[in-house]
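Shared between the two complexes below is chain A, which pairs with chain B and chain C, respectively.
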Partner chain A sequence: MRERFASHFDPFVIPFLVGMAFVLGYCLIAMIRVILQLPKEDRRRFLVSLITPKQIWINVRDIFLNCLIHVKLWQRNKMLGFMHSSIAFGWFMIILLGHLEVILFVPERIHLFYYPIFFNYFVAETEQTIQGSMLMFLMDFFLLMILSGIAIAIIKRFASRIVGMRRTTRLSLLDRVGLYSLWAIFPLRLLAESFTAHISGGSFLTIPANWIFRQFLGNDLYALPTWWAYSIALGVFMCVLPFTRYMHIPAEMLLIPMRNAGIRIRHPRKGFASLEVYSCPACGVCIDACPMSVLKVNCKDTTVYLNRQLRRGNERRIAEISDKCLLCGKCTAVCPVGVQGPELREAQRARRKYALSPSYAGINVRPMASAVAGGAGGASGGVLYFAGCMTQLTPSIRRATASLLDKAGVRWQMMDPDGGLCCGRPLMMAGRTEQARELIAKNLEIIRASGCDTLLLSCPICYKVFKEDYPLSDIRVVHHSVFFQELIASGQLKVRREEGHKLVWHDPCELGRGCGVYEEPRAALAAAGELVEAGKHHAESICCGGSLGSLSLGFEQRKAMTRNALDNLTVADPAEIVTGCPLCLATFVRAADRPVRDIAEILDTRS
Partner chain B sequence: MVNRTPVIAVIGAGIAGLEAARQLSGLGYEPVLIEKAPAVGGHVAEWNRLFPDMAPAADLLQSLEAGTSGIRTHVDTEIASLGRLKDGYSLILSNGETLLCDAVLFATGFHLFDASRKEEYGYGIYDRVITNRDLEQWFNTRHDPRVGKPKAVGFVHCVGSRDVKAGNKQCSKVCCITAIKEAIEIKEEFPDAEVYCFYMDLRLFGKKYEDFYIRAQRDLGIHFIRGRVSEVGEAIDGRVVVKAEDTLSGKPVKVTLDLLVLMAGIVCNPDAQHYARELGVAVDEDGFLKSRDNLGAVIESSRPGVFFAGACTGAKTVPETLAEARSAALAIHQYFNKRR
Partner chain C sequence: MMDFGFKLSPSSAVNLDTVDRARYDRLVQLVPDARTCIDCGSCSATCTAAPWSGMSVRKVLLGLQRGRDDEVDAMLSKCMLCGKCTMVCPRGINTRQLILTLCRLDRKGEVVR
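== the complex of A and B ==
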């Protein structure tokens, strides 16, 4: 082992150093800005979480698993998982091993940033020792791993179907510069290390390559320019990184601890929202997942393009994309980073200034409150059933629910026998949070007056807002599918099973992805018939197309989505389609070729 | 041209089919009526009295049936398949018979919109909600427990028509006047009852239609409320509670009724679409059969030898249907003359 140059320096490291200094400086400033933009209590919460030992461990684990290993991608698509983790983890290992080499062999040079990266140029021969050959082998091994990942990436760019993606993102110009420089880095490193392998040593990749090159290249004049090229590729990549999708690499490392600390989007553009936007790797997994993508015209309205337009500040497109979305949350479910597409859009919608903003603060709910005060759900606890506007429009659900409650001998009463107030969720979706709060206060008054201990909902849209935005910690908020499943399990409700009658459960967006209810309705259905699954189900279920979330989708466009969702639901040829959302039901009924019913109706006919 | 008498398959033996068959046979052709229902007459057979002269539907049918008495008629018969021949068509019927014919006349009519698909109106869920067809049958049979002796009756116009969400953009044309006719009949039957019509537009284009409207409003005190019904609920006593918006006064209205009649709209007949596809005849985007030309050739299809009569191309009144049936017969006559 010896150092080749007494000066420990060569001008070719300058592009790398410039890039490194730029990217580190940029990211540091960006990180401080994001943290400063957080609301005060969020910032405190985040900083405290950074020094909580348990949180530190969770953060390190999550960063390792998500940023380096890409576990989420592995679960979705092995090929994509391998591609991303081989590049990320391989690169990480090469940097780590480079530092290890410096620490082991020339510890006095550790302060030189470029030494671990260009170690083989500056330090010669280490493969004769066991340490050296081991490290050399590992370096070559991880380089090979990265190169295999790059090879898949190139294939994916030109034929995305081979790696299982129907559609992939259209890259912007700078993204292309970043992409090509990233592709160039590792082949150049292989070349550079191969050219110097007979001097500085190498392993199973670099030594044979060196031998081949020496067969027809008579001298070492090629070595230095290749190291230059390697350094320039690194420099270019790092200089464009903040302006490309590769910003997700540093951004995600901040996003993960912030999310773990429970930070939510509070401002449409600042703080956590901007961090989410920059964490988007523009992989395009959300394009295939988005229910709107059944129509090609909507492909550019998916979350990946929202993030891009947010970075560009294109207000017209931001408004368009934010309004169109169904807020079904599937993009978040499949996103390897977990960018919250719906929440980002709701925040954008809240920026809008409306000419008319009617206030609901003046509504007198005293008559409604006194109507429920002395009822069956009265002072000593009981069930208060809120049908909500959509269930009022699908009276068979209300009827079946009432009948089941009576059959099970539950003490209950209705909160809105003559129609009630809106739960507030549609206003929230439209970004009118203030007005939603007014309605929430009114509804709370009625609920409190009833003295109930359980609030029963048959509409997942209501369920989500009652669960998340109403301060009802002492009252159990429950969706009817869960409630009936419990009644069946406890034997209070007897359900006859009809053998061979195939039922498929459609996971409504707000119930499944929105509130995490997947298994209870399935268990209840399994008691009534033979449960079959849709093509895509649970967190990947496809929105019916009727969602209140979209403010601008036309009926014709929604129809195509409904048909697509129905095709997905009927792959196992069920006799009936069952759901737990009156809006999904009303949407499907119009287009389905077989009966569509609410879970309450199915259970009611079998009990 | 062959020397035998040309055979014309008339699909559907409603008023269009009957009238066309009568005319064709009068012109010396051999029409064959094919009807999937057990009896001829189609929708008109289910109706009681017809506007504008309140003539009994049975009288009209009687005269049509009398005129077609000698004509080969297959009732309770469906068409298993249709095929094109060199200069004719072959129909395989569900009774096993194969019919070779020289021309096909679609008199397949319409379907009444399934009102239970508008669940918010509660048809099939609440006992006091019926459709226009149910009410006509009650007029015929006086037997429907849902009707009873109502004190308040509502009519909902445009159920499943002019309704994009229900999949039907088109206007059903005859329900405005049908609703007013039935409202008058109800009022005459139950003079003490309050009668409400919930409409979005009143399209009273035909002869004497406006007279009906004026009579209903002025003489009989029927309430016309402009605004779509938003939802229908059920009171504890089983009556129905209708919520709507009165868009003229800009206020929400809520009325409790003993009987709610839904004016189910006219939608295309899916069987007709199926047959049309087998024959390679164009179907319009509203699901009805597509005329070669909407001005001059409403009764002609895009294919020679295939003709239309009546509501298979869109909603029609009775006189319009009869007139089309006659003109279809004449068009078929000219078609054979040209071939001769």
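== the complex of A and C ==
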């Protein structure tokens, strides 16, 4: 082992150093800004979590699994998982091993930033020792790993279907500069190390390559320019990084501990929201997943493009994209980073200015409150059934629910027999949270007057808001599918099973992804018939297209989405499609080629 | 004034010559479907807010064209965006978008910023 240059320096490291200094400085400032933008209590919470030992361990583990190994991508798509993790993990290992080499062989140079990166240029013949050859081998191994990942990335760019993606993102100019410099870095490193392998040593990749090059080049004149090129590629990549999608690398490392600390989006653009936006690597997974993408015009309204427009500050497009989304939550379910597409959009909607703001404070709910007070529920508890606006449009659900409750001998009464108030969730989806609070207060008055101990909902849209935004900790809020499953399990409700009658369960967005209810309705259906699954189900179920989340999607566009969702539901050729949401039901019946019914109706006819 | 044998109360008279239709015109620019309303009244019949506020998308559209701005605003400010009217509209009009768009327009038909 010997150092090749007494000065320990060569001008070719300058591009690398410039890039490094720039990117480190930029990220540091950006990080401080994001932390300062958090509301005070959030900031405190985050900083405390950073020094809590248990939290530190969770953060390190999550950063390792997500940023380096990309476990979530692996689960989705093996090819993409391999591509990303080979580049990320391989690169990380090369940097780590570079530092190890410096610490082992020339510890006095550890303060030189560029030494670990260009080690083979400055230090020679390390492969002669056991440690040296071992390290050289590992270096080549991880370089090969990265190169295989890069090869897949290149294939993906030109033929995305090969890696199992129908659509991939369109890149902006700077993204392209970043992409090409990233592609160039590792082949250049291979070349540079190969050209110097007969001096500095190498392993199974670099030594044979060196031998081949020497057969027809015969001199070392190519070595230095290649090291220059390698350094320039690195420098360019790091200089454009903050302005490209590669900003996701540093951003995600901050996002993970913040999310683990329980920080949520509080401002449409600042703090956590901006961190989510910058953490998106534009992998494009959400494009194929989004139900709106069945129509090609909507591909550019998926979450990846929301993130891009938010970065560019294109207000017109931000508004368009925010309004169109169904808020179905599927993009978040599939996103390897966990970008909250719906929440980001709701925050944008909340920012909008209105000339006219509704007010519900003046509504007199006393008649509704006194109608439920002292009824079957009485002061001693009982079930209060709130059908909700949408169920008023599908009275069959209300009838079936009432009949089932009676059959099971449940003490119950209805909260809105002659129509009631809206639960407030549609207003929240439109970003009018303040107004929604007024409705919540009104509904609370009625619920409290009834003295019930259980609030039963047959609409998942209501269910979610009653569960999350109403202060009802002493009252059980339950969706009818769960309630009936419990009655079946306890034997209070007897259901006859019809063999061979295939039923498919459609997971409504708000019930499944929204509230995590997947298994209870399936169990209840299995008691009534033969349960089959849709093509995509559970967290990946496809929105019916009728969602109140979208403010701007028109009837025709929604129809295409409904058809697509129905195609997905009927892959196993079920006799009936079953759902637990009046809006899904009303949307599906219009386009379905077979009966669509609510779970309550199915159970009612079999009991 | 000529005597027709009956009187018109001034407060409910609609004088189309003096009606400022700026808001309606802007609305149909932003939500062109608003023009396709056939006044069927399905939206009024299903409206969750109707029983205690008289809200009706049909009446809102008519009111705008007849200069009944105060009535229109009173109705709009009671809509809860529940979406029932959209579900039943035979013309497939996105009534929620229509309502939200109207809420963003001032009386001169300008989008507030």
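The rule we apply is simple: the second predicted complex is superposed on the first by the 607 of 607 C-alpha atoms of A that agree within 3 Å, B and C clash if a C-alpha of one lies under 4 Å from a C-alpha of the other, contacts with A are read in each partner's own complex, and residues count from 1 in each chain.
The rule is short, and it goes like this: contacts are C-beta pairs under 8 Å (C-beta built on N, C-alpha and C of every residue); 3 or more make two chains touch, one makes a residue touch a chain.
Note that the structure is predicted; figures quoted are calculated from it, not measured.
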item	value
Combined model on chain A where chain B meets chain C, clash or fit	clash
Which superposed partner A:Phe555 touches (first chain B, second chain C, both, neither)	both
First (chain B), second (chain C), both or neither touched by A:Leu356	second
Chain B versus chain C as contact partner of A:Asn364, first or second or both or neither	second
More chain A residues in contact - chain B or chain C	C
Partner chain(s) touched by A:Arg317 [first = chain B, second = chain C, both, neither]	neither
Which superposed partner A:Pro426 touches (first chain B, second chain C, both, neither)	second
Partner chain(s) touched by A:Val589 [first = chain B, second = chain C, both, neither]	first
Partner chain(s) touched by A:Leu393 [first = chain B, second = chain C, both, neither]	both
Chain C clash site on chain B (candidates 59-67, 131-139, 185-193 or 221-229)	221-229
Touching both chain C and chain B, counted on chain A across the two superposed complexes	392-393, 418-419, 555, 586
Residues on chain A engaged by chain B in the complex (per definition of touch)	392-396, 399, 418-419, 555, 586, 589-590
Residues on chain B engaged by chain A in the complex (per definition of touch)	117, 119-120, 122, 125-126, 164-167, 230-234, 241, 243
Partner chain C, residues of chain A touching it in the complex	323, 352-360, 363-364, 389-390, 392-393, 418-422, 424, 426-427, 429-430, 432, 439, 546, 548, 551-556, 583, 586
Of chain C, residues touching chain A in the complex	33, 46, 48-49, 51-52, 73, 76-84, 87-88, 92-94, 96-97, 100, 102-107, 112-113
